[in-house]
Structure formats: structure tokens, C-alpha cells
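Think of it as A, B, C and D in the order they're written, each chain with its own count starting at 1.
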Amino acid sequence: MRPFKLVSRDYKAEDTVIKIEGPGRPVFVGQGYCTNIAGSCAVESPEQYLELAQILKASGANMLRGGLFKPRTSPYSFQGMGREGLQILDEARRITGLPVVTEIMDLHDIDCLYDHVDVFQVGSRNMQNYSLLDALGRVNKPVLLKRGLSATIEEWLLAAEYLLSGGNWQVILCERGIRTFETYTRNTVDIGAVVMAKELSHLPVIVDPSHATGKWRMVTPVAAAAIAAGADGLMVEVHQDPDRALSDGKQSLTPENYLQLLSRIEAIAQLQNKLIQH
Amino acid sequence: MRPFKLVSRDYKAEDTVIKIEGPGRPVFVGQGYCTNIAGSCAVESPEQYLELAQILKASGANMLRGGLFKPRTSPYSFQGMGREGLQILDEARRITGLPVVTEIMDLHDIDCLYDHVDVFQVGSRNMQNYSLLDALGRVNKPVLLKRGLSATIEEWLLAAEYLLSGGNWQVILCERGIRTFETYTRNTVDIGAVVMAKELSHLPVIVDPSHATGKWRMVTPVAAAAIAAGADGLMVEVHQDPDRALSDGKQSLTPENYLQLLSRIEAIAQLQNKLIQH
Amino acid sequence: MRPFKLVSRDYKAEDTVIKIEGPGRPVFVGQGYCTNIAGSCAVESPEQYLELAQILKASGANMLRGGLFKPRTSPYSFQGMGREGLQILDEARRITGLPVVTEIMDLHDIDCLYDHVDVFQVGSRNMQNYSLLDALGRVNKPVLLKRGLSATIEEWLLAAEYLLSGGNWQVILCERGIRTFETYTRNTVDIGAVVMAKELSHLPVIVDPSHATGKWRMVTPVAAAAIAAGADGLMVEVHQDPDRALSDGKQSLTPENYLQLLSRIEAIAQLQNKLIQH
Amino acid sequence: MRPFKLVSRDYKAEDTVIKIEGPGRPVFVGQGYCTNIAGSCAVESPEQYLELAQILKASGANMLRGGLFKPRTSPYSFQGMGREGLQILDEARRITGLPVVTEIMDLHDIDCLYDHVDVFQVGSRNMQNYSLLDALGRVNKPVLLKRGLSATIEEWLLAAEYLLSGGNWQVILCERGIRTFETYTRNTVDIGAVVMAKELSHLPVIVDPSHATGKWRMVTPVAAAAIAAGADGLMVEVHQDPDRALSDGKQSLTPENYLQLLSRIEAIAQLQNKLIQH
């Protein structure tokens, strides 16, 4: 028997659809929808991020991503703008009407971020940060829970179980690649985990093909694979000038590439009877 | 610099399309085609295999798979019919007109198998059996080269390089899942490797979603993902009665499920401008 | 070039030896010493823990381990006594004179734990919890940093770099097994990582053979291997009654087994010119 | 229940000790002995190999390793001297009196090699080459069976089961590192697998620290760990001039380093009551 309960289809058979109440029209994530989240890895400056946000809105993205607190392997790498970037997120929401998802690394930032973001992201390194999960389980705001780099599907669903058992059922699972022996790709996107997670759980599952592959040329085909396999959406890194991005430039699409991705995805989503939200 | 040469797009930019001259109309594998290979894991008896072959032909499969020599982890498991099954393969080819692919485990079986099979399969356990690769490099017959369970993309392409450098350019690469820490699925299908292999090499790449997942319910969504990512075809396990299959029953589709798979695949293949061969 | 600086032998060639000022005589960790840390996975009750502490003191252990906050994969598992257990740790320190190491999961517990523990442990799931590392970098107390389940040696040393660059040079590295495909053992203890970490860094490296193997019968031989490879000490789970332990009973030694471990270790430590501290 | 039978301690409780009848005094592998196998990766020339053989004999090695058929990832790498090297092995055996182990890649080489070698080695890439295992199961000569790069302990023991069930009980298991995500070391030596294999099976288990680490500086500490964990011996790569070795130079010890290794090993072997054979 599986060790998880509330996240399981045995507990709740019908799909959970999450309604994200952002600054504009609500955005839905879950069965029947294909949700497109896009943005640069980090919020770099007002000029950079607001220009990008408008491009993405015009392209058809449904939600913006933008990191203020960046978990970086080295203490000497750019660590994000921190709280100084909150006004930029506010402004991006205002001018686009799109909701925003941003990563939270410390439970004590919940209050400070609460009024500025629409979805809290728990990054892969914090998937088993149970203090953080406990706190987010008591919050009335959707959580996007990335799978840990070496987390099993079971551990991923149990991390979600921390949130649901705490009272927060607005959870979006995000597959972002696992760590394997392969070195040609940054990580190995686990398409089977998308299928399995959707079979085992009623929660929506999206895919981040940018972190999973680490190479922008692979992002669109892997995104197409994700939607074809049944994923409920995508979170993609886009940057106006990937070569000058402060982080993750190699895996970022240009706005032009992102338009091509959306067009390829839309056709597959239609085959799956998934609605693209414009 | 990459260590492979002849398999590289730097050496040959245009896609290699392999023409398989079987008992009936030729079958193509490579750019512009979506090739469907299907069959039971093992040839179990004349009745079982010939009935299945006719069902698959009627379903729209382009090539039959059927193992006579089964590499089994335990010496006490069913090891395949061996040479006694050759007449069954002959008969299956005759009544369906479809070419046949079968696994070869020992280079000294090449002569005996040569007139009965259309494609030699090198299984994942033998991907680095260089004696076998050397011998198949000198043969004028296509080879389907499965990626080893823990082979890097580089090692896989270098194994193909053994074949090409020996003189045999008719090589089909087959991704079949890699070994990772995840235990809910039998193996982890590496969709990124399909994208990467096609970028690095001119050789066709197909996917075996049956071995990759180990669960029949996952086969169709993973097959859809493979074609959406750009794979040139699929090799799928089908059995009339999966519960009684002598091997791999859990991952085998019924003929009805296979028809559903083909219908889902066909729509995606059309989006990719890939021709389904009937 | 390696991306870490302060942890590197290029920056500081001589071995760092950490002096732990506990309630009794100081305990040393690093070159020239073999340090034995032992205790139950969790502090379960005053009776359980204080009895065990006295047994371990009498056995020759140099430091006690005892978890109050237990990171558990499932929200339904025993989560530890929490702050209620602090008095038990105080008492254990008082009656044995041994320093205590306990895991910290939330940076906001630093103040509360500070006067009750001698070494802060960062668990494998939190190895890349950078908020926690930042905070512990500003603390004047040794930190035992466990390697993450799928952390590379480089990422492990970079996590230590967060501590050193924050100002805290009292860091003990702890190898506790990595996640691989093998399922007969809980994790795969990476002996080569011990050798490599000691070559690359001046920091002491110890091994936790209990978590690494998950099976008590394997603990002593793996512990012997660790010391033979050059590890500076061991952290071992011991319980008076492993069958009734609230967590990790399967990998816990009985006090009798622990005495045998210490006797086998001592002989190997002598060959390495490492001092057992009594 | 475990799927293996004849290799299991349930079938045969007492340790199997293998007597290798070489050109001189017999050499034993198994409980009570610590057996040292050494040599260059490949036999490169008569001058190179015979000089090395004499040095190793004088150092105290018990058996020589020397590859004639080298399984190489790339078809463009040195593939070994092949059958031309057989006379060199003959001569090395004659002048040293030591038995020789060499890798066999093709079952059809058994006859040709039979009178020139004392132990057949099955390499990690061929651990599941069942045609080869079947053939070696019918031979009256010891087999050294390396664990596959990504083989589980269960698969490794089942590969040995092929040999025993074929009639050949003279099997030496050899752990040589598994493939993981870590890139600082070539492979990850699995010390726990040594402990586990000896607990589950009566067969002797040795360790190859050279291939496992890929770095000569790590070979001696990992070798010490292996013996401390209970391994029955070591297979080590030694070369007179590692910088000029035709293969695996980076992981080869010089003869001086090998003497240091033997001296460090001997002390640990004595603690384990294992006899060094001179």
C-alpha cells in the first residue's frame, strides 16, 4: 500500500483544478487546461523584468515566474535581488494582469511575500524542508512543489502530503528532472513520473523543461513530450538576452523561441482536449 | 570535442533513412517516417505468435518483434525457444509480409539467423559486447541498437560507431529507459536522450516504452511523449493475453490497447510531418 | 579549477582540527584523532535517553547524538520530541560530561538550541538549505554537515563554503551514503568520497555507517572500512532495544554490538596513528 | 525470498575457498586468505610485461593480471594485443611461477586461451553476456566475475548463479565500482556490496580499487577500506611507467606505490586473521 493519503486518487478520485486568483482574470491549473508559466530565472532589474513580462503577456503566457531568492550552489554566485525586487513583481503583475510565482526558501519570508505573489514555489533543494512545508500547509495560497533532484515519486507525493495534511490543498506538482549518471544533459527529465504522478494523485502536474535539460535547444521538444504525456502545463525560462542572463542563460529561450514552443504545444494540447488560456 | 565520428552530424549532416527490405513492401525508418514495431517479448509457440502477427498486421504495425534468445537475469527463467522458433518467424513473415526484428546474443548465431530475420537487435545488456558489434559491423543487414541500462549517450553513440566503422551504416538507435533510483517505474525513459541523440547523430532514434516503464498503463502516454519529442518510431510489446505471457506480461498491451496507442500516435506524428506507413 | 575556496587545501594546507568544548573535557575532531559519536536516532524519553547516554559514556563514546527534530519523509511518522527534549539533552550532558550533537532544521531554532547543544547538525535533506547555512555561518559553534543524498562532492564542499565564508570555520563533513539504483542497501556509502574530500579539503571528514547502510549487520564492517580509508571518526546509531526504537531500529546497534565495533575500530585507528580519546 | 540458489549461504553455509593451480605453488582465494592480484591494464609488449611481472613477483603479488582483449568504449582506442600476446603470458607465468588472470570477451576464445591462463575474467560490460556465462559454466577453470557498472547485488549474484548452475563452482566475485551521479571519481566503489555479497553468498569477494576510483592516489586508501570491510583480496593496476601506459595510466600505481599498498594492507589483513600468501 502506498504511504500517502490525502494526495491519493484513492482518497479523492476526481482531478483537482487550482484556481489562481491573480491581479487579472483567474488562471486555472489542472485537468482540462494547459497552463503556461514563463519568465527569467531571476528578476534582474526593473527594466529587464518589466520588459520581459510584457513580451510574455503578449506571447500568451498565463503566469510569470521570477526569482528573488535564488538558491545557488556556490556562495559566490548571484543570490537574487531579495526583498528589493518585490516592487518589480508588483509592477509586473499590475501591467500584465498575470499572476506571479516566486520561490520561497525560508518560512519566515511568508508574511513579507504574501501580498506580492500569487503562488509560492518550493524549489527542488527544499522539497524535504519540512519546516517550510509545515508553514506553507497553513497558508491560503497555492504552492508549486518541485520534485527534488533525487526524490522518488513517493517522496515527492509525501512532501505534498505535508501541505495537504496541514490544510493547504492548492498544490501543483512540478517535475524538473532528476539526477542520473548522464552528463550530456543537466538532469534527466522523468516523463514516466508525470504519467505516474497523475495516475496516483489528483493533483495537477506540470513540467519545467528548462532546468530538466539545461540546454535551450532541448526545451521545446521536451515540452512537447511533456504535454503529449499528459502534463497540465509548463514552466519555462525565457530571457530577452540569454547570453547576458545573470543565471541559467544556457537554458533560456528567447522570446521568439518561446512563441514557437507555444505554437507547437498548442497543437498537442488540443489533441489532449486541454484548453489553452488566452 | 565529441569522441565519435561517423555517427556524427558533423560527418554527415543529412538524416539517415534506413530501408528495410522485408518479405513484402519495404519499410523505412528515419526522418519523415513514424515506424511502428510491435510483438510479444518472446515467440512462445506457433499458435501464439502467428495469431498475434496477423492481429498486428491488421492493426497497422510496420514490423514484428519476436525474441528467440531471451537474455534473462536468472538462469531459471524461460530462456526463449532458440533456433526452434526460426520456422515460426519465417511463417510470420510469409503470412503478414512484415519484416521481423529479433535479438542476437552471440555473434556465432549470425549465419543461422541471417536468412530468417530482417533486422538484428542488440539488447541493452550487450550494447558494449564489442565482439558482437564487430561482427555485426561486417554484416549487410540493419541493426537495432538498444541503449544500455546505464550507458551514457556518448557510450551509446560510440557503440554505434563500432558498427559504422566496421562498414554497416544501417543502424537504428533505440532508447529503452535507463537505470535510476526510482522504483515505481522499471526504468526511467530518457526523453532528453532522444532529442540529444537526434541532434548529435544522423541515425534514426526510436523508443521502446514497454521496457522503459515496465507498466502497460504507462506505455501509451510515454509513446506519445516519444513521438512528440521527435522519435522516429516505437517498439512496443503486445500480447493477446498479457496475464499468461511467458515474459514481460505486466508491460504488454492487449491488441485493443495497441490500436488506441496507434490512433493517439498517428495524430502526433502528423503534427511532426511524419508519415505513418500502412 | 575547483569552484570552492576557503574549504580547499589550496587555501589552507594543514588539517583543521576542531575542538569541541562540551560540558566535560574537550573533544577533538580532525587529523590525529578518531572521534566516536553515538546515540539513538531520536531522543525518545528521559528514561530511554539517559540510560543510553550512560551506557555509551561507559563504552567509550566521545560525543552523544540525539535528535529532537526529526525530518521524516511522511507527515504521519514520529517527528521527534521537539523543544520538550532539551532538558533531556541537558541532563545527558551533565551526567556524562559528553558534548551533544543534534539536528537543526530551522534557522529560527538556533537561539533556542544554542545553550543546550555543542554541535549543530545539518541533515542531508537540508545540505542545500542556504538560509540555514547562512545563519549557521554566523554562529560560534561547530557544525556537522551531512552530505546530501544526491549531492556531488563539489556541492558538499560548496555547502561547507557557505559556512566558512560566513565566518564559521568549525565544520565537520559527514558522509552518510548516496542514493543509487541499489536496493539491497538503504544507501550506498561512498568511501571514495571520504578519500577525495580529505584530499581536496582541510576539514575533518567522518562517516555515518548506520544511515548509509540501513542494516545493523553492515554497520561495523563499513565503519572499519571508513577508518581504514582515513575517516576522522564515526557517527553510529545505538539503541538499548532496537526492535522498539521509534525510528531507524533496523540500523541501530545494541550496546554490545557497539562495544565490538569500537574494539575493531580501535585497532585500525592505531594503524593510522589516530588517537582514540577516552 | 532471494531469487538465487546455489550461490547462496542458505544452500552452502561454509565459505568457498578457491584453489588456483598455476605454474608454481597454488594460490588460494577465500576465507582466511588475502589474495593480491596485480598487473598492467593491458599486456603492451614482451619487454613491458615481463619486466613488470618480475617486479610484481618480487613485491609479493600472488597473481598477475594482464589483458589481451580490451573492451574499449571507442573503436578507435587500443584494443589489446589479442592472441599475439599469449606467448607473453606463457613466459610471464614461467619466469614468475604466478598464475595469470585475463579477460575473455567471446566464448569462442575459451579453447585458445585455456592452456595459457589460470583464471578467466568476465568484465563488467559482459556480466550479463549469458552466452559467455553459459560457456564458462561448463569449463573447469576459475572465473573472476566483475560486477556490472549498474548491476544490482542481486543481478551480480544471479550472473554467478549462471556459472554455478552450469557446473562451475570456482567463482570469484569482484566489486569494481558502480555508476552514479558523482563525477570526481570514475565510479563509486560500493563497500556495502562487499559486505552484503559475503553475507548472502559463500563465494569469495575481491575488490578492484583501480577501476573503481580511476585515480591512483585513491587506490591505496580504498584498498585498505576493502580489506577492513572483509574483502578476500584485491586486483590492482600497476605499471612501470603509468604516464606512458597504453590504457588506464591515470589509475595505475607505480611499483613503489604498490609496495606501500601491500604494506598497509598486510597490517589490516592481520587484524582480520587473513593470511598474506608469500
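In the analysis below, a contact is a pair of C-beta atoms (placed from the backbone, for glycine too) under 8 Å apart; a residue touches a chain by one contact, two chains touch by 3 or more.
Quantities reported herein were computed from a predicted structural model and do not represent experimental measurements.
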Smallest count of steps, each to a touching chain, taking subunit A to subunit C: 1
Longest centre-to-centre distance from subunit C, chain (CA-based): B
More contacts between chains, C-D or B-C: C-D
Chain centre separation in whole Å, for subunit D relative to subunit C (CA means): 35
Between subunit C and subunit B, distance of the C-alpha-averaged centres to the nearest whole Å: 49
In subunit C, residues with contacts to at least two other chains: 150, 154, 179-181, 183
Footprint of subunit B on subunit D - complex, ascending: 3-5, 71-76, 105-108, 125-126, 128-131, 149-150, 154-155, 158, 161-162, 165-166, 179
Interface residues, subunit B side, partner subunit C - complex: 150, 179-181, 183
Touching residues on subunit C, where the partner in the complex is subunit D: 150, 152-154, 178, 180-185, 188-196, 199, 212-213, 217-218, 221-222, 224-230, 264, 267-268, 271
